[in-house]
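First chain written, first letter: the chains are A, B, C and D, and each begins at residue 1.
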Amino acid sequence: MPRPAPWRLLPASYPTTETMQTRFQDLDPMGHLNNVAFAALFENARVRFNQRMGSMNRERGFRGVVAQSTINYIAEGSYPEDVEIATGIGAIGNRSWEILAAMFQSGKIIATCDTVIVMTSSPGEPLPTAFRHRLEELRVREG
Amino acid sequence: MPRPAPWRLLPASYPTTETMQTRFQDLDPMGHLNNVAFAALFENARVRFNQRMGSMNRERGFRGVVAQSTINYIAEGSYPEDVEIATGIGAIGNRSWEILAAMFQSGKIIATCDTVIVMTSSPGEPLPTAFRHRLEELRVREG
Amino acid sequence: MPRPAPWRLLPASYPTTETMQTRFQDLDPMGHLNNVAFAALFENARVRFNQRMGSMNRERGFRGVVAQSTINYIAEGSYPEDVEIATGIGAIGNRSWEILAAMFQSGKIIATCDTVIVMTSSPGEPLPTAFRHRLEELRVREG
Amino acid sequence: MPRPAPWRLLPASYPTTETMQTRFQDLDPMGHLNNVAFAALFENARVRFNQRMGSMNRERGFRGVVAQSTINYIAEGSYPEDVEIATGIGAIGNRSWEILAAMFQSGKIIATCDTVIVMTSSPGEPLPTAFRHRLEELRVREG
């Protein structure tokens, strides 16, 4: 199991950050944020990130779906404190790209998430050029 | 089915208000906030309200549980807009009390929630006096 | 707070029953089924009940929405045991009807749920006659 | 992004299978099982698998936590059909092990999940011998 690289644990590596509220629903029987709650929070950060980028899953845009998502659980999360989710773009392929994220709580890293999105419309065609440029502008800063 | 009284639909009727984020997870197949998401948001508002009041379900406090909860669905909710949840205390019984709440989105009422909490510790004894006073301070203002 | 009538606590009062699995996600920090998990389970029972009845929210059918839902929490629920949800029709109005349900675990009642569904299509018209007959066939048997 | 090996897509590769119900709550705005619902279903399968193995997170047992979880989304899932989740043990380390799972619906693979569990109690000590033997008995059968 490869652990996240050190730069993945630093807020400064990501171009955007968003504060997100935790909910009582997120707690598990141990009194910590549940593993699936991490997944829901990362998904929410990803959807909001995508909405700011436009183009995908919109009229006259193209369609993309999550093909793979990996969460590394680094420390326990608590309620009712907010979390900060930092997000940026990783590898960009011909018809796919990575959304890399990290979750912090009270200034401490608690998880990372690597998600691969794959374009499902326009078979055989590469990602639209304008969209690829937006992805490049939002790349993470590796170490 | 008794519909909520007109004063229940006004933010000014409640002593406290909290802004809460919606999540992508809250959406249903119709593209609206799901009925159960309303329940989760109201629960979260209630837990935060209780935490500010202290005393309940704490060490050296007393224990209380939700005995009944009614949600009136008034209009559809959407994502990613936040909601505002206004909360206050309704009827106060010997060993129980009501938490009354209303949910607004973009300035419009979308739901109300009436929850009855019952004290489960110290059988036969009334609510602690200091706690009852705090409840009274947080009463709703009925039109 | 009116408590459920005694007949509401008996499986035999309802024409249909469905077994439903609980999930680890349903647990709260006290190690019991969370209040919102009850709402999700009752919603699921209701959707499956509606699907068996057909007509609503289908092509060439009519549209209906949940207008009000009340849950009475009677005892704690646990995981990983299944629950049984018994469901039937209560009051039938001109353009609305009640779905009444009760949740049992290990043979013991743990909650009831009263939901009012309101027809939102064909303003001014009553419920379709054939649908009303199906509702009547599925009425609860009040003690 | 490495895709799952062909043997990962076959039910026969896993020593145990469990049928799990889907819920209306699992649906997303596209009318498919939501990505986070897959995570909740896989978590539930894992908890039930662990409970059958005993030892972990029990009195006089040892403690373990999820360190990493990867889901490969292969096809869309639907409601209200059940899913089957097949589960087995992958790599076994000194203080960690993999739980490998695959989700099927209507006989078709829709996702795989690879989870790494790490022992958090008894620092410096290896996994208890008896527990390691149980893990070995439940190994997946790699093509």
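Rule of thumb we're sticking to: a contact is a pair of C-beta atoms (placed from the backbone, for glycine too) under 8 Å apart; a residue touches a chain by one contact, two chains touch by 3 or more.
Everything numeric here is computed off the predicted structure, so don't read it as measured data.
Novice: Name whichever of C-D and A-C has more C-beta pairs touching across its two chains.
Specialist: If we tally the C-beta pairs in contact for A-C and C-D, the bigger total goes to C-D.
Novice: So if I superpose chain A on chain D by CA, what angle comes out, to the nearest 5°?
Specialist: Superposing chain A on chain D takes a rotation of 180 degrees, nearest 5.
Novice: Taking the mean of the CA coordinates per chain, how far is chain A from chain D in Å?
Specialist: The answer is 22 Å.
Novice: Whole-Å distance, chain A centre to chain C centre, using C-alpha means?
Specialist: Averaging C-alpha atoms per chain gives centres 37 Å apart.
Novice: How many angstrom between the C-alpha centroids of chain D and chain C?
Specialist: 32
Novice: What are the residues of chain A that contact at least two other chains?
Specialist: 24-25, 36, 40, 43
Novice: For the complex, which residues does chain A have touching chain D?
Specialist: 1, 35-36, 39-40, 43, 65-73, 96, 116
Novice: In the complex formed with chain C, which residues of chain A make contact?
Specialist: It comes out as residues 24-25, 27-31, 34, 36.
Novice: How about chain D: which of its residues touch chain C in the complex?
Specialist: On the chain D side, the touching residues are 20-21, 23-25, 40-41, 43-44, 47-48, 51, 80.
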